[in-house]
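In the two complexes below, chain A is the common chain; its partner is chain B in one and chain C in the other.
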Partner chain A sequence: MIVLQLVVNGVLLGGTYILLAQGLNLVFGVMGIVNLAHGSIITFVGVFTYWVVTQTNLNPLLLLPLVFVVALVVGGVLQRLLLEPLAKLGNRRELLSLMVTFGLSYVIVEMAINLFGSQYVSLPNLQETWTVAGLAVNEALVVAGVLGAVISGCLHVWLHYTASGKALLATSQNATGAVTCGIDVRRMRGISFAIGSALAAIAGVLLILILPLSAPTADTLTILAFVIVALGGLGDYKGAVFAGLLLGLVQSGVGYYLGGDVEVIVPYLLLIGFMVLRPQGLGQAAR
Partner chain B sequence: MSGGTLRARGGAFLAPLIAVAFLFAATAVHAQKPIVVGASISETGPLAVDAAYHLKGIQLGVADANAHGGWLGRKLALKYYDDQSNPGTAVRLYTRLITEDKVDLLVGPYSSGISQAVAPLVNKYERPTPMPGASLPAIFSASNKWAFQLLPPATGYLDGILPLMKSQGAHKVAILQAQLSFTLACGQARLDQAKALGMDVVYSTTYAMPPPDFSSIALAIKSANPDGVVVCSYYPDAVGLAQALHRIGYAPKFFAETIGPAEDQFISALGPITNRIISNTSWWPALKTHDNAGFIARYKAMFHEDPDYHVAATYSAMEVLGAAVKATKSLDPAKLRDWIATHDVPTVEGTFKAGPTGLSIGFAQYMFQIQNGKRLLVWPVKDEQAKAQVPYTGQ
Partner chain C sequence: MNLDARQVGQWIERRLSAPASAGVSGPRPLSIGILIALIVCAGSVPLVTSAYILQLATDLLTFAALAYSWNVISGCTGYLSFGQVSFFGIGAYATAALVMHTSVPWYVDAVIGATIGGVSAALLGTIMLRLRGIMFALGMLGLARILMVVFSNWDFIGGAAGLTLPAQLTPVAVYLAMWVAALAAFGLNYFLLRSQWGLSVIGVRDEEVAAAAIGVPTSWAKTVAFIMSALAPAAVGGLVAWNRSFIDPPSAFDPTLDLQVIVFALFGGIGTLWGPALGTVILVIVGEQFWAYLPELQLALYGVLVIAVVLAFPGGIVGVANRFGWLRRRPVAAPAVFPIVSRPPRPATPGSDTIIEVRDLTVRFGGLVALNNVSLAVRRGEMVSIIGANGAGKTTLFNAITGFVKPSEGGVFYQGKSVSDIPSHRRAHQGIARTFQIPRLMESLTVWENTLLAARHGRRKDAAVEQAAWALHTVKLDNLWLEPPGKLSPGQQRRLEMARALALDPTVILLDEVMAGMTRDEQGEIREVLRHFRDLGVAAVAGVEHIIAAIADISDRMIVLDRGKKIAEGVPEAVLRDPVVIESYLGKVS
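Now for the complex of A and B:
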């Protein structure tokens, strides 16, 4: 029973990780840049959600459509203003985009600190725990896990069965080839950053129900998301699903048997192991 | 020539006048120049919740002093920087406060870990520094001469929980500690105490900060099935572990955590699962300590919330500094240090009394329990406002 509970905990934790990483993964896949502001968007929206819910008693899940749309628009505008001009700079683009998103992350964190404070906050919503066949299952983790799965499913359907999704996928696989096929690569980059930002915003609303968050913890989330993306095979969204689940399951087992000190270094041990033994990541294995 | 003599005489006459005028002007400027109190505060990072109260205690101390005309006829001003919960940053900031800002007085930072990093610095620069965030006894070693502890030692945090458990027939305990100086000292003391009391430690672990996902640790606790869970924590891990135990549907008979439950947002963040959680404090509103009622009233008027023991500790640090400055009529570091080391000072936290190495030997420890959203003192028995309610139900 303990092992089964560990598996359930690991899968639910993995669902949270998938949610955390898919936005970053999409941006990397299409634009070839690591969005260092990813964690900042998550924590900004997380503490914003806390603020709105404590002021209004609103169900935090009702904020999901709002933050999705706002982050979509803001992400699109930021990409056009800050990142698109770098696309013409050839090899320097990657380094400069890292610097821009690094700066952006600090601006967002400072905005969050000034608007909502720097303290750790969390919400008591969705804290029901159900017992199913002797296994404890928490409401917030289930919602986050299910949404993580739904988002990954939607990404899959969109990328493989719609014209715009196929265009985006083509851009991520070979931008030059996509241009020769008449795909507006510039538009694809804007779409990917907008959707990546919107996915980060969704993660922010849900994470505040799972973990205590504070605006300055943004870097920790960005690093964790990047580790999952790297484990999955940079830019491979199916790989990120497997990586999130693997990490959740391994951390669940390690935390139980070896304690909290070892649990926190699991992502980085896995990253080192994969980079040495299987640098292409899990995604290639999944295909 | 005579003119020259006259000029010379005039110069000889005017020179002392000018000098006296400058002296008066300088004295006047000096009289108006505030006494600057410097500190670093963890405004960001994992210690930010508790450190916010640390800052407010200093701010209230400065405001109160200024409301009474300041010290030595001079107003007080506070200069502080954000150390980001980082000991290395704090050391840089205290160096800056001492060598560049040249502040007149110092108050220590929040948390034992950061105070431990700063203590050698105040010894090096020979600055008397009350440390209201430093519960770790090791900071106040034989080589320490300039830092003074303004909290009860970490080894006394939750020192009533195991005797309370044992008195109710509970013998199996799980003890958890965050990997930080204070929490490790607290956890080791509880492990030693459990051994001394003949209790069975069925689970023990440490964890890193920022805190991990606690679901596996909670499951390990559930598997060990202790009568009580004792956690030496700060705010975010206290919240995280309470959430994790609830998520796996496990409620030990006794559940005690340090620091986190003292903060107001602990109850608002977790809701009813905080009911019957026990925690510790070195200060309480109902205690008949020096000017306690006035302190609470002034704090509420200034910050529109209730103070906690962090506020009381930093406010007490300001009381100790103020008493030393007034008694010695000086800002001379050596005079202040000698006075603080040898005098008892009544404060809102209790009577400050420094041991030979600066360790606090005057303050007491108490335990409170959250009962239906209110915190009530449950230990020691002579000060209790209510009996401890057991079992913890997790709802």
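Now for the complex of A and C:
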């Protein structure tokens, strides 16, 4: 019974992880860079949502369209101003784009701290626990898991059944080939970063309903997201779904048997361990 | 004629921008003067100034030591680290534990702390340095987190509550010790950026694969650099812990420390000798005035600064200064003028008759079979050409022979001995040299240093200089020796690839499409070198080539690969008339 309960928890936790990884994954797939500011967007929007809801008593889910659009625009602008100038720098691009998003993450985190404080906050909207067939099922995790699946599904439909999505997919698979097909790769990079930011913003609104967040935990989330993206095969959004579930399962098991301290470092251990066991690197396979 | 005029122009340019080609190896009197002045100033600061200035100077030195250490692994070696604070924390705790449990003098504690930092870097490096790029960067960030959790749960050193240390160090002692740490860290940078050995880590940064191919023990070079980058942070960590007389996991493994260090190094110029010092001095002094008014915005402004520097001047202050000809890196071990080389023709060292033998070699990449049960041999005195259409497995064959691809089945033998378990750089030492289809040159080094790096193995410094000069002279790149490879034409870049291969003094050279992208004249020059390879001490040459006309007449034997299989072998005239070969190239005529 315990094992079954852990599996349920793990799967639901995995849904949360998928939610927070897909934006990073999309940006990596198309732009080939890791957005180190990803986690900071999530926590910024998370604590912002908390602040708005406590001030106005609004239903947090009503904020979704607003933050989606704002993050879309801000993400697009940031990409054009900060990252596009690096696109032509050749092999120094990776290092410099890491630097830029690293700097950006501190700017966003400090903004969040100065505006909303640095304490852990959480919204009590989804705190119920249902009992299904003797298993405790947390309402918040169910919502997150379902939304993680829905968002991955939307992403799948968009990438495979719309013209703009197909163009984006083509760019992520082979940028040079995409150019020769008349796709504006520059625009695709902008779109991917904009959508990636918007997905992070949505994850922020939803995560604050599920778990306590504080602005300084941003890089923990970035790493979690990156671990999922790396395990799933860098830019492969279907792989990320499996990786998210895997990480959720491992973490729920480790947390139960080995304690909370170890649970916290599971993502790092997985990242280092996995990459050591596959020293040739998934990154190279993706290129 | 045109070319001559350009070369004269380049020569004049070099003379005018003197530092780039001053050609002095070793420290100049000016640098030594600056160093002495610094040391005198350092000694006198505690005597003449206030406690405030002393603390500011101590902070400055602390950050300089950390920025220089970060520069060792991330700037010089190219492994971007977001977790060097790990060693700061390890050193801090090691020193703290020594202070609490032993009674040795403080400076001994600091040295032991640094040693423990270095040892832990050696151990952690065996795992962490297998990661590349972003994996390494985030892996290091994760390492700091893991260590924080480990130390929080380790009661011997205070656990999560931290340790309070007995205050025994005077500010002057901390200050002077920080000077030593900062100077030591600077000295390590000086060593990496100015010595022949240092070329190895820069080679790893620019082109890790090519570095291994020209004999650089890349794992070793990376590990040494990683250890170097851990020493000063560990010592500094201990001194800071002592200075504050308190330490706990969050302050020992504080990720914002890495942010600051990266900002300082980036602002001054990553991978440069003076960048970290300039960045630290300017930003600490400016910051001291500025943050006093806006303490809560410090990290955000650092973030803005990082973005601004990357976008506006990615080379930092030193990068800007370079544009005016100041603070340029001088080529390592470059004599004042190109050495005149005369070496009598000499035959290859005698040995086994079969130089390279490949037996039943199969290489699979997932489901793709790149090489299918191929056997072939390259014998002493031969020039063998390997031809075949795209995807025939030619480059994979070379990669397997030089150790960059692991055979799925079969073996590779060199002079009768299996080399399957020998790493690439040792195969290069033993005499297997190669060039790359797409030139892999160290972009931030000069033509000279690219060649010198290959010439270093097993030679004393002056002999390496002579060897490099000989190799460059052989491929006629003497005139361009102080240029960066980026300024060479594609043909010249391939000649540089050849010079690097020759500089190894190899027994056999594997040329991967060395004539592609060359003009007729350049092809002629390479053909000239290849005709005389037996006088260069080389026993055999194997070349993959597409330009069949350029090699047919100088090859002794030709081997044809088609989709991973050997389909023909023999003298060029016969092979090129073989219907099977013609079909492989042109398709079947029905």
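Details
Here is the rule we go by: the second predicted complex is superposed on the first by the 274 of 287 C-alpha atoms of A that agree within 3 Å, B and C clash if a C-alpha of one lies under 4 Å from a C-alpha of the other, contacts with A are read in each partner's own complex, and residues count from 1 in each chain.
Note that in this section contacts are C-beta pairs under 8 Å (C-beta built on N, C-alpha and C of every residue); 3 or more make two chains touch, one makes a residue touch a chain.
Keep in mind it's a predicted model, so treat the numbers as computed, not measured.
With chain A as the common reference for superposition, the partners chain B and chain C occupy clashing space.
Of the two partner chains, neither chain B nor chain C is touched by A:Glu84.
Of the two partner chains placed by the overlay, only chain B lies in contact with A:Leu13; chain C stays clear of it.
Contacts of A:Val264 after superposition on the shared chain: both chain B and chain C are touched. Of the two partner chains, chain B is the only one that A:Val121 touches; chain C does not reach it.
In the superposed model, A:Arg92 lies in contact with chain C only, and not with chain B.
In summary, superposing the two complexes on chain A brings one listed stretch of chain B into steric overlap with chain C, and the stretch in question is 81-89; the others among 9-17, 27-35, 63-71 or 81-89 show no clashing C-alpha atoms. Comparing the two complexes, residues 113, 220, 261, 264 of chain A contact chain B in one case and chain C in the other. Residues 43-46, 48-49, 52, 84, 176, 179, 205-208, 210-217, 219-220, 223, 235-236, 239-240, 243, 246-250, 265, 268-271, 273 of chain B touch chain A in their complex.
Of all the residues in chain A, the ones that touch chain B in their complex are 2, 5-6, 9, 12-13, 54, 113, 118-124, 127, 129, 131, 136, 138, 140-141, 211-212, 214-217, 220, 251-257, 259-261, 263-264. Partner chain C is touched in their complex by these residues of chain A: 34, 82, 85-86, 89, 92, 94-96, 98-100, 102-107, 109-111, 113-114, 219-220, 223, 226, 230, 261-262, 264-265, 267-269, 271-272, 275-276, 279, 281, 283. For chain C in complex with chain A, the residues that touch the partner chain are 78, 80, 82, 127-128, 130-135, 137-139, 141-143, 145-146, 149, 152-153, 255, 259, 262, 266, 296-297, 299-300, 302-307, 310-311, 314.
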